[in-house]
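Naming follows writing order (A, B, C and D), and every chain is counted from residue 1.
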Amino acid sequence: MALVNERARVLENECVGPNLHVATLSSPAIAAGIEPGQFVHMKIPGMDDHVLRRPFSVYARDAEAGVLEILYQVVGFGSARMTELAAGAEGVELIGPVGRAWQPPAEAKRALLVGGGVGAAPLFMLCEALVKNGVRTDVVLGAQTETALACRGRYEALLAEPPRCATDDGSFGREGFCISLVQEAIEEAARAGEPYGYVAVCGPEPLMKIVAGMADGADIFCELSMERRMACGIGACLSCVVDTIEGKKRACVDGPVFKAQEVVWA
Amino acid sequence: MALVNERARVLENECVGPNLHVATLSSPAIAAGIEPGQFVHMKIPGMDDHVLRRPFSVYARDAEAGVLEILYQVVGFGSARMTELAAGAEGVELIGPVGRAWQPPAEAKRALLVGGGVGAAPLFMLCEALVKNGVRTDVVLGAQTETALACRGRYEALLAEPPRCATDDGSFGREGFCISLVQEAIEEAARAGEPYGYVAVCGPEPLMKIVAGMADGADIFCELSMERRMACGIGACLSCVVDTIEGKKRACVDGPVFKAQEVVWA
Amino acid sequence: MSVNMAVNLGGLTMKNPVTVASGTFAAGREYGDFVDVAKLGAVTTKGVSLNGWEGNASPRIAETPSGMLNSIGLQNPGVEHLKKCDLPWLAERGATVIVNVSGHSFDEYVQVIEALEGAAVDAYEVNVSCPNVDAGGMTIGCQTESVEEVVSRCRAATKRPLIVKLTPNVTDITEIARAAEASGADALSLINTVLGMAVDARTRKPQLARVVGGLSGPAVKPIALRMVWECHRAVQVPLLGMGGISCGEDAIEFMLAGATAVAVGTANFVNPTATLEVIAGMEYYCEQQGVESITELIGALQC
Amino acid sequence: MSVNMAVNLGGLTMKNPVTVASGTFAAGREYGDFVDVAKLGAVTTKGVSLNGWEGNASPRIAETPSGMLNSIGLQNPGVEHLKKCDLPWLAERGATVIVNVSGHSFDEYVQVIEALEGAAVDAYEVNVSCPNVDAGGMTIGCQTESVEEVVSRCRAATKRPLIVKLTPNVTDITEIARAAEASGADALSLINTVLGMAVDARTRKPQLARVVGGLSGPAVKPIALRMVWECHRAVQVPLLGMGGISCGEDAIEFMLAGATAVAVGTANFVNPTATLEVIAGMEYYCEQQGVESITELIGALQC
């Protein structure tokens, strides 16, 4: 759909984990059009000395109610400011829907989604779509600690099998990074004769790089969502480039979802 | 008293006329020490791209309750932002009490106070003090229109004779500027054999200049309160100088109240 | 009252004084859902070189107080791509087009202009803020000699309006402005970004991969205004003012200081319709102040 | 863990790296209710000339996005007043004192220093951003020749640490820095304010009576950081960094970029205890990062 710059109202803004919040926004036009993996470029009110918007993936949407959810982590000034937006707050503006959505191959019968930290959020709408299309979907989630596995409940409710989880402190699921779970999932699926036809990963770059490598090793088509600092957020300024085998591409409109094989890692 | 930088809480913030508001602030230390004519240098919250405080005279105070009132006019970004501070708002900081207070001569038996626009506010505590000391006090107020005579009610309640008023549009009192009222008051007082021993004026510079001239002509000691853009507000930066017969003086600490005869007009 | 918003920028007729700052608006297509390019005084395209440049490594931007740094490094796909993809798109929509020209050598500037002479271009804006081999790897725009050289060579290559875009990173901008004027510039554009740097205290690293970058946005507005005012008093040619313009009032300030036209850059990022709002804000100002033609404001500062 | 905060700025021992920027703190007395001057690494006094200057007309300041302009014009009551009123007050309180020196001629600089040699002063900061008769009315700090001249003459007049304060309004700050170093500066201080201007669109007047003024505050921080970093790589003498520092993290950024000490200026205006908060913030950073001596951070930027 065409881009819009929509004034959004805050309906709810809840703390859901350590430095983790979910903002629920009324933004009907974008809610109607947004696809899994796309993002919104948010003007946060009350940031007069900050000249840039902030990009956030959409965690969930209700097209009929005209509502978007964003799961966000407090990492700096803007995300901290966001936590102060009370229900009813005006002044948020969203440019959206922006960017390349996840594009799972139509022929993939089984999919593996890997979310590290808040990277679990941009995969949720993808997961819903895959499940709806009858694709058998497994999810691996990693986080620092149990309470940071903020999306786990929703994935559990959606999936036949609960997501496999790892926490750095071992407070839930496997202790350590989630990478071993990914490797196991890929191997198990292959052994069971139902190999994955698609891997989608979102999280810190080192995680994505490793998962991309594993998918490549197992010959599975893999996509990932890249984060870059963004100025315009709509493809004009070339702030956000990612090195790819075809040269520099813009994370905002050529991505944020890239084919893993395209990406040239730093 | 020594200067403090006091965190003040907003107790009330009311619109009292066209672009005129009264903010009531809890600021016990300053409320205890402030004298008529002194001001506070206010840090307004939510102005991150504005690096300066804003100076405001104190309209009224309740030393026991620890409360200050400020009458302010919306003229720019900061004063507009102030109107958004709801009761209970935190984040205001006040440096105070700053500056030279009104210093009516002890021997003055009768005083005339002249307030143009919001200039009526910094004279109110002076008026209270004069009345309390048994000085017969007359007040002349000028404003654009009736509803802008925001202090009138208080002066009326305080004084034996209501203030003489003029409005630009004639909606209350005399039509036109208040200067003719000042001249008349001075002449009447002289005729009645009870001449003024003190004139205090606060308002736009052209008004103050004319009133100072009238007082000078009638040989009455006159003080006035000068406005200058201020950075530090406490005498360090020399941003706020006023030309005087003794050279440049700082409006923030050598003023804001100056003897009229000292001032060299532009 | 209807305000006459048209201005003439050194031979370039603009229906209103507002263009975009090169590099912040690509060639307009990305903003297509927000801004009808025909409504702008002109579209200034992203800097273009002969064969295209890769630009710098990421991160390329950082946010600073009321501003941002960028070290895009003039990434662009080359002049042929501009001719094939962007200029026809702009022409179809009736846009007035200023092409911002870059080069790593004096020859490259001329080659870019030559390549564009047959195309739908209304004016050139020569960006002298590029580091350049002929200038010993230094920025051309910092020395009068290299400015004179590149401007006269570009001048010889075209009869179209030639705007020279100055860098603010100099001791005396009027000296450079006069050199550009003397070498045949029809107009001057200023300011380009101010060299700056941002540091991440926690990681102890520069925030830009390139370490230093160009500062833009409201933070630089006072610097830009000062330079426009200085140049207005130093040269006869008209000025295209920019640096931190986000609203109509900002634009009016630039015109009062001496600009004939203005460009909106960084403001597009936070507000994709900033250009249109600047135009509307300028018209509103004129109506309020009884200004019949916006040209009355050029250099009308009272001091 | 207790952090060693002491630094040595070209022979000046400071108990911590934080001083105030000249002109923003007078000689400390006005801030007496907020800041114990003995807690600061040093107090840098307002620029002083031989017989005192009147300064410019009002309005002298204007607020700009994340910054302010000033055109105080170095108003000061002259060096005798400083000696009689301010230096004893500072000495009584145990402050380390840097006196910022101004002059309208090269001779005047020397005379100010000579007048102060017997007084309780720990170092001089020579402000080369004054317009000067010997520099043809131009700012001394913009040309290497006049910088060399004034610095060598001041150098000859004192054995005390001589800090030279540079102006950012130059094409290449490293050239000026090298000239100052070669002429005997023990340290360099940077940056002074950036020349700017503000316009009131409604009245069509400049906001400053003097039209142009010096930009300071957070807006200039990226420019200041860049210049500190450039000079750190160009000269051996230590640097006193300033420009928009408002919190400990800002100060750390300057040290990482190459500053040995830092000054807090405009931030004092909005927060009268800014200096103390900067010191506390720097200590906190060091504790968090396991830095035992703050000197470890000088120029420790990883790039």
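Methods note: a contact is a pair of C-beta atoms (placed from the backbone, for glycine too) under 8 Å apart; a residue touches a chain by one contact, two chains touch by 3 or more.
Note that the structure is predicted; figures quoted are calculated from it, not measured.
Engineer: Applying the touch definition from the top, give me the chains sitting in contact with each of subunit B and subunit C.
Structural biologist: A, D
Engineer: From the C-alpha centres, identify the chain that is farthest from subunit B.
Structural biologist: A
Engineer: Compute the distance, rounded to whole Å, between the mean C-alpha positions of subunit A and subunit B.
Structural biologist: Here the centre of subunit B sits 57 Å away from the centre of subunit A.
Engineer: From the C-alpha centre of subunit A to that of subunit C, how far is it in Å?
Structural biologist: 37
Engineer: For subunit C and subunit D, let me know how many angstrom lie between their CA-based centres, rounded off.
Structural biologist: One centre to the other, that is 34 Å.
Engineer: Just how far, in Å, is the C-alpha centre of subunit D from the one of subunit A?
Structural biologist: Averaging C-alpha atoms per chain gives centres 47 Å apart.
Engineer: Among the residues of subunit D, pick out those that touch two or more other chains and give their numbers.
Structural biologist: Those would be 65-67, 217-218.
Engineer: Which residues belonging to subunit A are in contact with no fewer than two other chains?
Structural biologist: Within subunit A, residues 48-50 contact more than one other chain.
Engineer: Using the definition of touching given at the top, classify the network of chains in this structure as line, ring, star, complete or other.
Structural biologist: Here the contact pattern is complete, since every chain touches every other one.
Engineer: Could you pull out which subunit B residues touch subunit D in their complex?
Structural biologist: Residue positions touching the partner: 2-5, 43, 48-53, 95, 228-243, 247-248, 253.
Engineer: Can you check the complex and tell me which residues of subunit B touch subunit A?
Structural biologist: 46-50
Engineer: Write out the stretch or stretches of subunit A touching subunit D in their complex.
Structural biologist: 49
Engineer: Within the complex, which stretch of subunit D touches subunit A?
Structural biologist: Per the touch definition, subunit D meets subunit A at residues 65-66, 218.
Engineer: Would you pull the subunit C residues touching subunit D in the complex into a rising list?
Structural biologist: Touching subunit D: residues 64-67, 69, 142, 169-172, 194-199, 201, 203-206, 211-212, 215, 217-223, 225-226, 229, 244, 249, 252-253, 256-257, 285, 300-303 of subunit C.
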